[in-house]
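Take a look at the structures listed below.
Two complexes, one shared chain (subunit A), two partners (subunit B, subunit C).
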Partner chain A sequence: MRLGSDATLLGLCPNGVYYQEAPEGAKQFVIVSLVEEHDEGTFEQRGFEDALYMVEARMASTAGGNIQAAAARIDALLEDVPIEAAGFHAMACFRESRLRMTEVDDADPSIRWFRRGGMYRVQVSLV
Partner chain B sequence: MSVRVQWTGLGEFEQQLRNLPDRLTAEAGREALAAANSMAVQVRTIYGQHAITGGLRDSVTVEVQEQSRAGVAVRVRARSPIAWLFDNGSQARHWLNGKSTGKMWGKRPPAHVFVRTAVRQRRSMFDRLIGMVRREGFKVNGA
Partner chain C sequence: MAIRSGRTGRVRWSPSGAGTPADLVEIISLNAWTLSLRTDFEEVTAFGDNNKVYIPGMRDISGTVGGFYNGSELALVRATEETEPGLLELSPNDIDGNLSGTPADLPMHYSGLAYLDCEINCSLAAPRITGNFRAAGSWTLPNQEVA
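Up next is the complex of A and B:
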């Protein structure tokens, strides 16, 4: 995967890139999740797939780190860049909206979780 | 050689165009409201499956923002302060050492219930609206 193998992004988020949730104890990482997907038919068969992904960096305030740089790197890797996937032709990849949120840790209110990233639309056609 | 263009029924066509917005706005308004209500019911149902206090489920509202000759706008909102975290996941609902805590079942992955339901309902509504204007004799391209 492009995000998970990018040295710059992993330098900013050393715990790695995960789908849906990160392991316990992770403090600087990227989360990717599928928001919504639908298939478009052409000539009575599946023509292309259209998916919306949430991609965001998350960092605990106790870990330091540069959340802005991580979000910028995510955008550089995904915005208007053809996504390579076996069995598909890349059509489009672009950000639909920006995400920015701060969570207060329930257990320790002195800890903040910074979250930045975006909703990315990925469209691919079948080979 | 003379060239002549003859319009037949132009007056009636103009009259139809003038009448179109009122009739279509009313019908589109019903479609938009139906889509919004349907979305709200679906979201409340899923929120209800995770209800502890019911605050999240009860916070979902449908508001008609505009219903005029020019257009229709209906907004579905989840007003609960935990709505965003429920939809986009929470990392903070656990101890950093792994011990679970809080009312929201510890750390949770993103559910995307709200946005996912909204996108599907909007797509379905667009299909019905396109069908509506096609029925009126308009040609819709790129839909």
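Up next is the complex of A and C:
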């Protein structure tokens, strides 16, 4: 929500922000994926939820764009800005590690996909 | 009876030391407690014995409670300010009834007067809180009274 409604990030990644999978044909977008999640219990109830998300900008080499700026914008929106969600109390949101990689397109080897972002830990409390 | 998960355990505390369950308030955000009933043993080995021989002394009542630090739950912190013992109740789950059946609506529990201290451990992870208690009077164990 925070990423998908940010005009600056959408300016850098005009195809939008998606969970798990972007639509076919997208060339500049942000992908959010849940890497792992575990719950911490307290007596008689769940205490808090602890999730690790991979959040990265992806850009095709043919589309141009500034992937460094996109990754920086993602970090500005998430680092130490706890996530507010209905029914939960915000605990923490922070980057655990940085991501930077380049992949060759499966269909067209002349195209490179640039990926930058990070692994973000998100914690929300139920009590 | 069966082996139960401790997921529905609880810790209740009354700083005033009042002796009725109605005065007890659950301390939230905890997820562990321990109770030590260790007994001192005195060696009474005599000439002619083939091995060491012991007799039991007094049983200890002490232990710990622990969990996550919750800024809206400072019962353990406040307990360190008390000069009089409070009433502490420890339940391993909410399924097993008290063997004595009194009162029947309470889960099996161990309770009695105690002094509490606490320690807060803050790091980049969720902060944790731990309390140590010592008996300050006779405790009630399931199905029996500790004299």
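Here is the rule we use: the second predicted complex is superposed on the first by the 126 of 127 C-alpha atoms of A that agree within 3 Å, B and C clash if a C-alpha of one lies under 4 Å from a C-alpha of the other, contacts with A are read in each partner's own complex, and residues count from 1 in each chain.
Definition applied: a residue touches a chain if its C-beta (ideal position, glycine included) is under 8 Å from a C-beta of that chain, and two chains touch if they have at least 3 such contacts.
Computed from a prediction, not measured in an experiment: that's the story for all the values here.
In the three-chain model built by superposing on subunit A, subunit B fits alongside subunit C with no clash.
Applying the stated contact rule after C-alpha superposition, one finds that A:9 touches neither subunit B nor subunit C. After superposition on chain A, the vertex angle at the CA centre of subunit A, spanning the CA centres of subunit B and subunit C, is 50 degrees to the nearest 10. In the superposed pair of complexes, A:57 makes contact with neither subunit B nor subunit C.
Between subunit B and subunit C, B contacts the larger number of subunit A residues. In the superposed pair of complexes, A:111 makes contact with subunit B only, with no contact to subunit C.
Once chain A of one complex is fitted onto chain A of the other, the partner contacts of A:41 are limited to subunit C, with no touch recorded for subunit B.
When the two complexes are overlaid on their common chain A, residue A:70 makes contact with neither subunit B nor subunit C.
When the two complexes are overlaid on their common chain A, residue A:124 makes contact with neither subunit B nor subunit C. Here the smallest spacing between CA atoms of subunit B and those of subunit C, following superposition, is 5 Å. Shared contact residues of subunit A with subunit B and subunit C: none.
Against subunit A, the residues of subunit C that register as touching in their complex are 6-11, 26, 28-31, 67-68, 70, 94, 126. Partner subunit A is touched in their complex by these residues of subunit B: 84-85, 88-99, 101-102, 107-110, 112, 115-116, 119-120, 123. The part of subunit A that touches subunit B in the complex is made up of residues 20-22, 24-25, 27, 31, 33-36, 38, 52, 54, 58, 60, 62, 99, 101, 103-108, 111, 113, 115, 119. By the touch rule above, subunit A contacts subunit C in their complex via residues 40-44, 47-48, 91, 123, 127.
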